[in-house]
Amino acid sequence: MNEMIKPASGGLVPTAPTRRDIGIRRRYAAERRFRFYGLAAIAFGLAFLFILLWSVVSKGYTAFQQTEITLPIEFSEKVIDPGNKRATDPNVLVTANYPLLMRNALAEKLGVSATDRPALKQISAMVSDSARVTLRDMVAADPSIIGKTVPVTVLASANVDSAFKGQIDLSVAETNRKVSDQQIGWMNQLAEQGVLAKGFNTGLFVNGNSSRPEAAGLGVALVGSLYLMGIVLVLSLPIGVAASIYLEEFAPKNRLTDLIEVNINNLAAVPSIVYGLLGLAVFINFAALPRSAPLVGGLVLTLMTLPTIIIATRAALRAVPPSIRAAALGLGASQMQTIFHHVLPLAMPGILTGTIIGLAHALGETAPLLLIGMVAFVANVPATPLEPSTALPVQIYMWANEAERAFSERTSGAIMVLLAFLIIMNLGAIMLRRRFERRW
Amino acid sequence: RDQIQVAGSSTVLPYAKIVAETFGETFSNFKTPVVESGGSGAGLKEFCKGVGEATIDIANSSRKIKDSELDACKAAGVTDVQEVKIGYDGIVFATDASNPDIAFAPVDLYKALAAEVVVDGKLVANPYKKWSEVNPALPDAEIAAYIPGEKHGTREVFEEKVLAVGCKDAGAVDVIKAAVADEKEAAKKCIAVRKDGLAVDIDGDYSETLARIAANKTGVGVFGLSFYENNADKLKVATVSGVKPSVETIASGEYPVSRPLFFYVKKAHVGVVPGLKEYVEFFVSDQMIGPDGPLAEYGLVAAPDAEREEIRTAVEAGKTM
Amino acid sequence: MSTKLLLAILLAITAVAFALGRMRALSLSGGKLSTLHSRPNYYGAYVALVSFLPPLLLVAVWLTVSPFNVNSAVRDSFPDSVKAQSSAQQSLAFGMVSTLAQGLPMLSEDELASIKQDPARLQPVFAGKGLAIAAEAQPYMLDSAATLNAMRQRSQLALVTVAIALAIAGAFVGLRTVAPQLRARNKVERVILGSLVVASSIAILTTVGIVASMLSESLRFFSVVPASEFFFGTVWDPRFAGAGASSAGQFGLIPLLAGTLYIGLVAMLVAVPVGLFAAIHMAEYATPRMRAIAKPLLEVLAGIPTIVYGFFALVTVGPFLRDISASLNGLATGNYTSFIQAQSVLTAGIVMGIMLIPYVSSLSDDIITAVPRALRDGSLGLGATRSETIKRVILPAALPGIVGALLMTASRAIGETMIVVLAAGVAARMQLNPFEPMTTVTVKIVNQLTGDLEFTSPQTLVAFALGITLFCITLALNIYALYIVRKYREQYE
Amino acid sequence: MNIMTEAAAEAALEKKMNTVPLKMVGKDVSVYYGEKRALFDVNLDVRENTVTALIGPSGCGKSTFLRTLNRMNDTIGGCRITGTITLDGEDIYDPSIDVVELRARVGMVFQKPNPFPKSIYENVAYGPRIHGLARNKADLDVLVEQSLQRAGLWNEVKDRLHESGTGLSGGQQQRLCIARAVAVSPEVILMDEPCSALDPIATAKVEELIYELRSNFTIVIVTHSMQQAARVSQRTAMFHLGNLVEENDTDKMFTNPDDQRTQDYIMGRFG
Amino acid sequence: MNIMTEAAAEAALEKKMNTVPLKMVGKDVSVYYGEKRALFDVNLDVRENTVTALIGPSGCGKSTFLRTLNRMNDTIGGCRITGTITLDGEDIYDPSIDVVELRARVGMVFQKPNPFPKSIYENVAYGPRIHGLARNKADLDVLVEQSLQRAGLWNEVKDRLHESGTGLSGGQQQRLCIARAVAVSPEVILMDEPCSALDPIATAKVEELIYELRSNFTIVIVTHSMQQAARVSQRTAMFHLGNLVEENDTDKMFTNPDDQRTQDYIMGRFG
């Protein structure tokens, strides 16, 4: 072993080249160790990714299902419009006691007497309050429905939903949980009859936020995030690339450009909430853009993302070999042509990497949105980027802080949706990048 | 602008959300108001930026607006501010459901959590490590308390209604007064919380406190009543001075630790921003803040009948501060 | 005519101008393109620019200036009683007027007349049109709204006329100047260069904006709390400083700074080796397949929102570390108490480090891949093993780039908030034990800004001072980093 | 060895060049790389439709001087030039001069082959495209084929015009670069050791090409091979340590140089 | 021109080589780049302490064959080799063979100069360092100086050993690469057109070096210059379109080749 480690002497002068021991075994051990470190590093990263994903998915997959109650409901005129005034007062149909319809139908199904008030109250609690809106919308769409009996699907309340998914610990004392044994019994009964069943939770993707977990959805957040991403992409990629090209290729190299470079690096380090302060001061207080609007959010996130993209783009431009530039210049291409025809396409993989990282960062950002009013309860889906909206991470953040248990699976579900977005973005970028990637 | 904009306290947020949502469903000609969260101070700051389309209409607050803040408001042109009380928030102490029942007295909490306590008539750095050292009736577990961070309004209530009271009960006030001449300083010493890691400030929301208790089963956390009620299966609530917190005991004043919740309306916007007037009136109606309303169901402690009536008349009259 | 339509027309004119410019250049060349200074497309682009830029500028200026004119004119038409009110009140009134103006065209003559007679009907009528109007609309507002609409229309009409005229005139002038000797390419390129300069200046404007938006509030803070107490204070306890005069040092920056650096350091200790080794492995050893799978997967780590990491740290990593430390301690000493707290510098550092891995690995991977093949060959041809080649040739060549990547990463570590809040806690303490909680500057910035604290007090103002301080510190770091990179930068090829 | 001697013989048959009009004139040209001075007051004329060879030992400044002729030095940070260089009497360093136009007129082939990482076709078509030298695809195809043929590359690549130019062998790459430069038909072509990666046959082809081109183009070629200089050029300039040692007709230079250093260099006595 | 003829004369004085022992033997070597076959069943012997020159037109596979000799082709994705190559009788493509050790024994100088972006000193010291050839700094200093001197670079760089190797001119860079290879004192040195970037004087120096080295080393050199092949080599192999056309003693090859194609190539009749 010893002679392996000690380098052999001689071989300095061109005397006959004796076979030397160059410590090959030791060097190969080092090589293997080095390789192993790399593998271990990748494995470490991936392991954490999977643990993280697992912890999210195992908690969140149930959010994509929702317990629903499907029942024939009599749209009794006695309940909806006892005074028969709907012709003169359109408000009657809006404010009618729709939940009563639902309760009566359920009570009938379960054979509960109409005078057993405590039981009726418990039955009411099994149906989501959103049933009111569901039924009202049906009546509003077609007032002739009044008096008929129509099968209707409404959401079960969050507590029943959780219980049906087995998320409620039934061993806890009845007073300390949100569903009573009686309700559980009914739930099982209804499930057996096929009245109560789990269905795919479309509401999660189309509904706006709600204070009722069962009716709360990501609709607003999805639209908001789409607006945000659209604005950030459309603004930050061209501006970032343009700025990088100027700084890297045209700007004279002097103190001023040094300062700008340092400054841009520094902007990447500024905590994101500071961009929120800036956005509040500039876009809302000065430019009088509306609060809570994705436009403002997009602008703020653009400013936040720009440094990342500029830094990555400059690095990518710098990595293009000078000989390519010389070749084009030597043919009489202008500097602009050289850059746009040759350098930029070659730098594209790096630029895309930077852009993905920047966008991903922007997509997951909450803090700066706090100050410009996007961390908010918004129920109406925004039609334009100027209307109030939230964003996915904001929704996650807000749901994570909700007291109701049923929100926690939705939080994880929302995280899954966000991750799905990220993965789609990554895949797209990888596809693009693979078309360009090369080694010199 | 066709939407009401609300900002402020995260404590009031769930209630405001329920009202906003119901408002949007009931008044189909108005859009659902936008309710931002961000804290009472931040909400009031936006509120006091000025008057006009670009400013918010309502600030939720889990505390009364401060005089200095009101002055700042006025300086920025927000001269007429309506204060609306919506009810009370109870503050409870709870541990993991697996623990035995706990009964706290303010003095126990003071002794366990204060920075300095009186031992043998002298003020010393808090020496207690276990609850049982503080009071043998308490469990033999290490002290670990998750209390609201200093940014939270709840912290002030905790200090005033628990620590200060406990300080007095323990008879520490006199010792402290003897040591510190200044009245104000003395009061501060009474409510200073130990900083050796046994009392952990939580700057996040109650869900963070809950997660910490889940991770440390013997820890004691401070929660809002509504949060506790929604998670009663995971938590065990402690009595304070022998009273178990509930909507009833808090409404009756038996349970000592509670605080009022407010929102502030920009008078200048009422009647100008579509739906604002209606929203405010809807909020204070018994349908919402009454004892059978959805807010109470969620955990708000409704104000007594007379007080609610008072609130409504004040709103109707457009009384400003 | 709406502004959108106007822009569409301008674009159409521009397109025509482009085509004409190109055609003219072609015809001037008489079929011999080499007589032209530039390619015909450049002439087209030149004419297009001449025809498009001036009206665009006009539209931009007009749209910013004209509302001011119109608005002040409308306000002048308010009754004196309104004018007597504060300007805020007036602007609210104006807001209602413009809402009305929006709804006015929707009304029929009859409805208009009925409203004029009975202002109380105003709200229901508009509500019927789907327009929410506040309760206190007044009759004079209808007239003002009509005036507003008329003035807006006039202004818009004028704008359209002038802009289109300008576009056409521009196209003509452009076409006239087209000549074989015209340096069309240079001119077009100058415009492009101009836009590049504008793009670059955004970064500077951002900085100016950030500094400006924080400076005045910071100065207010420093007028209450002496700078020396802030910068050299070793106790962070802002709660009591506002009230008492004698409580010096309560706004001490040092513990926050210590926490920031400590947690950042731990995070970098995790992220740099892991990220760098992963990057090296992917660039130099991994099969294309593995690279194609592992690299995007690792990048997913960068995309996970920090709040998710925060909860991951809070519910998974923290308790795990605590429990493992308890068992370790138990094995070693028989005393099963944990020496790592669930909330600690270590927890925050590890989780933040994991988040940063892809930042290091992706950027380094690209940089390593960019090292020319000839350098690899040179080293391998001398009998170096791959790892020797990497360690001694490739990494040194890629070093400036990697240092840049690491700096970016480090700055992310310093600017990170949510993970720290959940994983390291909010206790501002000064100590060296990585197993104990600490907190960072960013956490305090967020907390002081979003809390329940009185917004006029130093407690919230201190956030701005913290922000500016962090800004200056990272600036200094970056200047130093640039100096290092410059010193060691090598141009290959 | 026959090629060489034949070429040398031909070169010897050239007329005296003093009467040929000047295409480019360098006057007191000095070049600095930062602090380091690489050229010292070089005065060198390039005659129209003539091949001028620049010779000299490694590092003497041949490439540097060549690059001043089409202002490629502009692209090197810290490179500074004093003196004047004119092209057809115009100062090419005049601020009013468009360097792009200049480089279209004064083309360049580099020492290290630097094909674009694009297809072979695109490599050659690029110049004509940006300068608008072809009206349509057919034109372009013809131009590309001609250029590749002139560079002696057509037969080797005609079946894979759309494969990447970087996949060629070193020699092929360099000939591709020559084809690329020729495709723009500049007035002056600068070549920096264009044959250093070529085998003798390809070299001979390129030399033939140069020979053929000089009736229409002015060519300046840097070469490390004195045989090549003798074969292809009519004028030769000898550099040493940044100084122009001698500029003369090629046949005179290689038979009876004026300067002792040239003599020594040619005889291999220093370097 | 004197150098060349002198060298050629010297080369002509060499003895017949058939008796010299074989250092490396290639048997039926074929190389594929993906689908493309670049070498066709080449059988070539490299004799000990001999300079073997590989000549042939551009793209004929000289570099490819050279790279098979120290398995540099391993580093090219998609490159596949069949046949056997032995070094001292050992199959170098045997799985048990260690490529690092192999490359330490069979060194290489490339066509394009590729100095590391490090100081000149570090460039040369790199090989000895990784192989542990110097016991201490003084040893290493000596080794670096010797190597640079052998590459004819010492005088030019001795004052700036710690400046970057990439700052040198092309010729200087290539000589630096040669110095770097020599510093490891391998048994076989492969050189891929090592002089293509060098001026005649430097070339002469390198040739002299090769001449000197061959008493201790086995050298395989790819060159595009038949004169160079004639001057420095004892054996010459001629490639054409991926085939080995002829392998012969150099003096025979250049005076009386066996193969018609060789004859034609040398006379410049094809390519």
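Per-chain numbering from 1; labels A, B, C, D and E assigned in written order.
Here is the rule we use: a contact is a pair of C-beta atoms (placed from the backbone, for glycine too) under 8 Å apart; a residue touches a chain by one contact, two chains touch by 3 or more.
Computed from a prediction, not measured in an experiment: that's the story for all the values here.
Note on connectivity: the fewest chain-to-chain touch steps from chain A to chain C number 1. Here C-D and A-E were compared by C-beta pairs in contact; the pair with more is A-E.
Chain centroids computed from C-alpha atoms place C closest to the centre of all protein C-alpha atoms shown.
Farthest from chain D, judged by the mean position of CA atoms in each chain, is B.
Chain geometry summary: the mean Cα position of chain B and that of chain E are 83 Å apart. Here the CA centre of chain A is 59 Å from the CA centre of chain D.
One simple way to say how far apart two chains are is to compare their mean CA positions; for chain A and chain B this gives 31 Å. The set of chain E residues touching two or more other chains comprises 100-101, 104-105, 112, 130-131, 186.
Listed for chain B are residues 1, 31, 38, 42, 53, 204, 208, each touching two or more other chains. Annotation for chain A: residues touching 2 or more other chains are 22, 27-28, 321-323, 334, 370-371, 400, 440. Inter-chain contacts, as defined above, occur between A-B, A-C, A-D, A-E, B-C, C-D, C-E, D-E. Against chain C, in their complex, chain A makes its touches with residues 22, 27-28, 30-31, 34-35, 37-42, 44-46, 48-49, 51-52, 55-56, 238-240, 242-243, 245-247, 250-251, 258, 260-275, 277-278, 280-282, 303, 306-308, 310-312, 315-316, 318-319, 321-323, 334, 336, 349-350, 353, 356-357, 360-361, 363-367, 370-371, 393, 396-397, 400, 415, 418-419, 422-423, 425-427, 430, 434, 437, 439-440.
Listed in rising order, the residues of chain D touching chain A in the complex are 70, 72, 75, 77, 100-105, 107-110, 112, 114-117, 126-127, 130-131, 177, 180-181, 184, 186. Across the interface of their complex, chain E is touched by residues 1-3, 55-59, 63, 111-112, 156, 168-172, 175, 193, 196-205, 224-227, 265, 267-268, 270-271 of chain D. Of all residues in chain C, only 86, 88-89, 91-93, 95-96, 99, 127, 130-136, 238-240, 243-244, 311, 314-315, 318-319, 322, 341-343, 421-422, 425-427, 429, 436-437, 443, 447-457, 460 touch chain B in the complex they form.
The residues of chain E lying in touch with chain A in their complex are 98, 100-101, 104-105, 130-135, 139, 142-143, 146, 185-187, 212-213, 215-217.
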